[in-house]
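The letters A, B and C name the chains in turn, as written, and every chain counts its residues from 1.
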Amino acid sequence: MNINENRLQDIDIQKLIQEKKEKRKVLKKLEKLVPVFLFLAAVVSVLTTFGIVFTLLSEAFTFFSDVPIKDFLFNTDWKPWSGSFGVLPLITGTLLITLIAIIVALPIGLSAAIFLSEYASDKTRRIIKPILEVLAGIPTVVYGFFALTFVTPILQSLLPDVKIFNALSAGIVVGIMIVPMIASLSEDAMSAVPASLREGALGLGSTRFEVAMKVVLPAAFSGIVASVVLAISRAIGETMIVTIAAGQSPNFTFDPTSSIQTLTSFIVQGTSGDTAYGSTIYYSVYAVGITLFVFTLLMNLFAQYIARKFREEY
Amino acid sequence: MVNLTQLRENNSNIEVATKENVFEVSNLNLWYGEDQALYDINMNMGKNEITAIIGPSGCGKSTFIKTLNRMVELVPSVKTSGTIKYKDSNIFDPKFAVEDLRTQVGMVFQKPNPFPKSIYDNVAYGAKIHGIKKKKDLDIIVEKSLRDAAIWDEVKDRLKENAYSLSGGQQQRLCIARCLAIEPDVILMDEPTSALDPISTLKLEELVQNLKEKYSIVIVTHNMQQAARVSDKTAFFLNGEIVEFSNTDVLFSNPEDKRTEDYITGRFG
Amino acid sequence: MALQTGEKSTKRMKNRIRKNKLFHTLFFGATALSLVILAMLFYRIISQGAGNLSWDFIKNFPAPYPDRAGIYAGLVGSLLLIAIVAVVSITIGVATAIYLEEYAKKNKLTSFIQSNIQNLAGVPSIVFGLLGLTFFVYILNFDFSLLSGGLTMSLLVLPIIVVAAQEAIRSVPNDLKEASYGMGATKWQTVLRVVIPAALPGMITGSILALSRAIGETAPLLVVGAATAIYALPDSIFGSYTAMPIQIYSWISKPGDEWPVVAATGIIILLIVLLIMNTIAALIRNKFQRRN
């Protein structure tokens, strides 16, 4: 070995560190500012929420100085271009879509969740879960296209009453869109059920189906409910599928074959090019927006409340 | 700067050297929230000595060693009372920056915890954070630390490789090298061999004894033979208190307290 | 007597096993159904749109005639939007995550910020559009510009990035941080040199997934005024713009048999871009997992 021992002995590290320490004092002072900047970044998300609530409220407030809040909530006529602003048709339209979506998504989503958590092998799960993720990652405009050009013609050939733009087709496809959400969140809840509970029941001679129904589902119940509530909230807020496939006709009806309008698709219509800034229609968009916001917020808070209770159980 | 001739002089004069203390702990109490973990600890640790701390799990030995460089405060609910003097200043004094304390009191942990970086970058880390940037200085520091940690010959041709490619024992010696790279006065070792195989453990013990020439060492261990083999003094902790603290050979051959005797003869623990 | 119950119970046992099999099939069938739907969706779009796919389609601006319409303006617009979203939302999102995980004290304010982020993630995207319309378009007077669209989208994906970055930071082993602190490193040095490098793969994966969400979003862009027919690229961040999903939406809305074909071709391009982004995210994730 031909290293020079002196070379190694020549350096006094603590002395070097002490020398640099003076310089680093300035840096250390600057470091005190770091949490301030980081905090400011964190405040952006809070400001966003305040911004949403504030803009919706203030613009809606202007709207309600034009249109009495009573008329908005209870009139059954939504014809903004002829001055009637009864939001009920938009709400029934939204609820109709949501109802159809849940009827489609609940059995498929829950079955998939039970299959994945109780029956599927690890390998199967590793194949199916990413595919569900793909389903969840498809842009809603693509689903809208699928509803209009594929699902609607099929429905029309089965039920001649179905209009080109109809609630049924949009609702079914919204349902398909939220299947992955129900499936993966419910599966999480079911997988969180301790294996010991399952093994106990299997050890007593129960079949997998009995274990799923009598042990896993009850134990994961609140988690499953939370996932469904979140999915409902997604369905209520879904915009593109309904805008493309359900039409723009605010009919006060629960007939799934007819064309309807939802809260979200009116917002698209009301903010499109031909609405003048400052007109009553412009402000009505915000009144509809806050209605939508309240619906989804309540759903989300409800889901969080259930999920929190669920976490305490184990 | 410690140079070798000076060291030899110091060693010939060992009586004097041992009287100098690096740590003087007085009336130290510590709580995690409401739970008290350490009760009225009083002990001194000598310069260039190896002080071992033994005791059953949960006795507070790990908490105690982490108090010496205030790492224990990473748990937010920790409260302390009493003083720990490091070279005449109280480490709990608000004027004593915790970064300065840790620059002089290094630590080696239970599990080897190299960074997911190259071997070179692991060892250079300490120097870099303290502002040493020149490649020439860093090269010297890295080589010197790896030599002192007795791992240079094994890694000198693979300094750019990821530290995770080393074996567990090598990783722990790398962590010691990383600690030596800022030449602390004191090295705290928290059960440094608990995750290692017997051969790596022996190598590490040998290394620890060699390091004593330059450094003061406090080592927590669950292994009594290890304490007996490497240390000069040993403290026996039980339920957050010091039961007995004396020269290692005395403590193991002739313990004063019945509980110490029960523990070292394997009746509990 | 004993024999009777024995027979009875064997019979019941058989029933139970049959029931189990039946439901196993049903559950599997439902799962398979969603896969079949996915396959149909892809098949439908590819069979409709692939024939129209050409370099001209990628290079052309939108046109009033289906055979000349292309997605160039949308593709470039989407990429420009994503660039703005990436800069704004990753910076703010990662900083928020670092604040919440490493600096914030456990108090009411912190848990408020945290639950606020959770709630924000559940707000419908079109509501973000309304915020953008009032705040960016009218109050800040950015008009219907690329900047308005980009900032609106940034706020929309911010919660996704924060949550992903938080998870990535939380997964950095504590003993690495201890090693850094143990050598006298300050908090920021530890964050910068240990936490962020170790959390980087997770942060990148999460960010790419968030950006791919942004690239497919349509509704908020409609509200903040992305143009549906545009014949030039935006000359600055204050220029008007369009994006791929907006183009696709406008083609879907046109009457006639040929426009759906153009829309399907546009969807193919959109899905290819998404596929590329997701593949990159998956590659980073896999590379990282193998190393551990």
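For this structure, a couple of remarks:
Please note the rule applied: a contact is a pair of C-beta atoms (placed from the backbone, for glycine too) under 8 Å apart; a residue touches a chain by one contact, two chains touch by 3 or more.
These figures come from a predicted structure and were not determined experimentally.
Chain centres here are means of the Cα atoms, and by that rule the chain farthest away from chain A is B. A comparison of C-alpha centroids places C closest to the centre of the full protein. Centre to centre, using the average C-alpha position, chain A and chain B are separated by 52 Å. Computed from the mean C-alpha positions, the centre of chain A lies at a distance of 12 Å from the centre of chain C. Note on chain placement: the centre of chain B and the centre of chain C lie 48 Å apart, centres being C-alpha means.
Shared interface positions of chain B, i.e. residues touching 2 or more other chains, are given as 103, 130, 182. Among the residues of chain C, those touching two or more other chains are numbered 186. Taken residue by residue, chain A touches two or more other chains at no position, since every residue touches fewer.
Looking at the complex, you find that chain C touches chain A at residues 16-17, 19-20, 23-24, 26-31, 33-35, 37-38, 40-41, 44-45, 48, 91-92, 95-96, 98-100, 103-104, 112-113, 115-120, 122-131, 133-135, 138, 155, 158-159, 162, 186-188, 209, 212-213, 215-219, 222-223, 225, 245, 248-249, 252-253, 260, 263-264, 267, 270-271, 274, 278.
Only residues 3, 7-17, 20-21, 23-24 of chain A touch chain B when the two sit together in their complex.
Touching chain B in their complex are the following residues of chain C: 105-106, 173, 175-186, 189, 193-194, 197-198, 291.
Those residues of chain A that touch chain C in the complex are listed here as 28, 31, 34-35, 37-39, 41-46, 48-49, 51-52, 55-56, 59, 107-108, 111-112, 114-116, 118-120, 128, 131-132, 134-135, 137-146, 148-150, 176, 179-180, 183, 207-210, 212, 230, 233, 236-240, 243-244, 264, 267-268, 271-272, 277, 285-286, 289, 292-293, 296-297, 299-301, 303-304. Residues 69, 71, 74, 76, 99-103, 106-107, 109, 111, 113-117, 125-126, 128-130, 164, 175, 178-179, 182 of chain B are the ones touching chain C in the complex.
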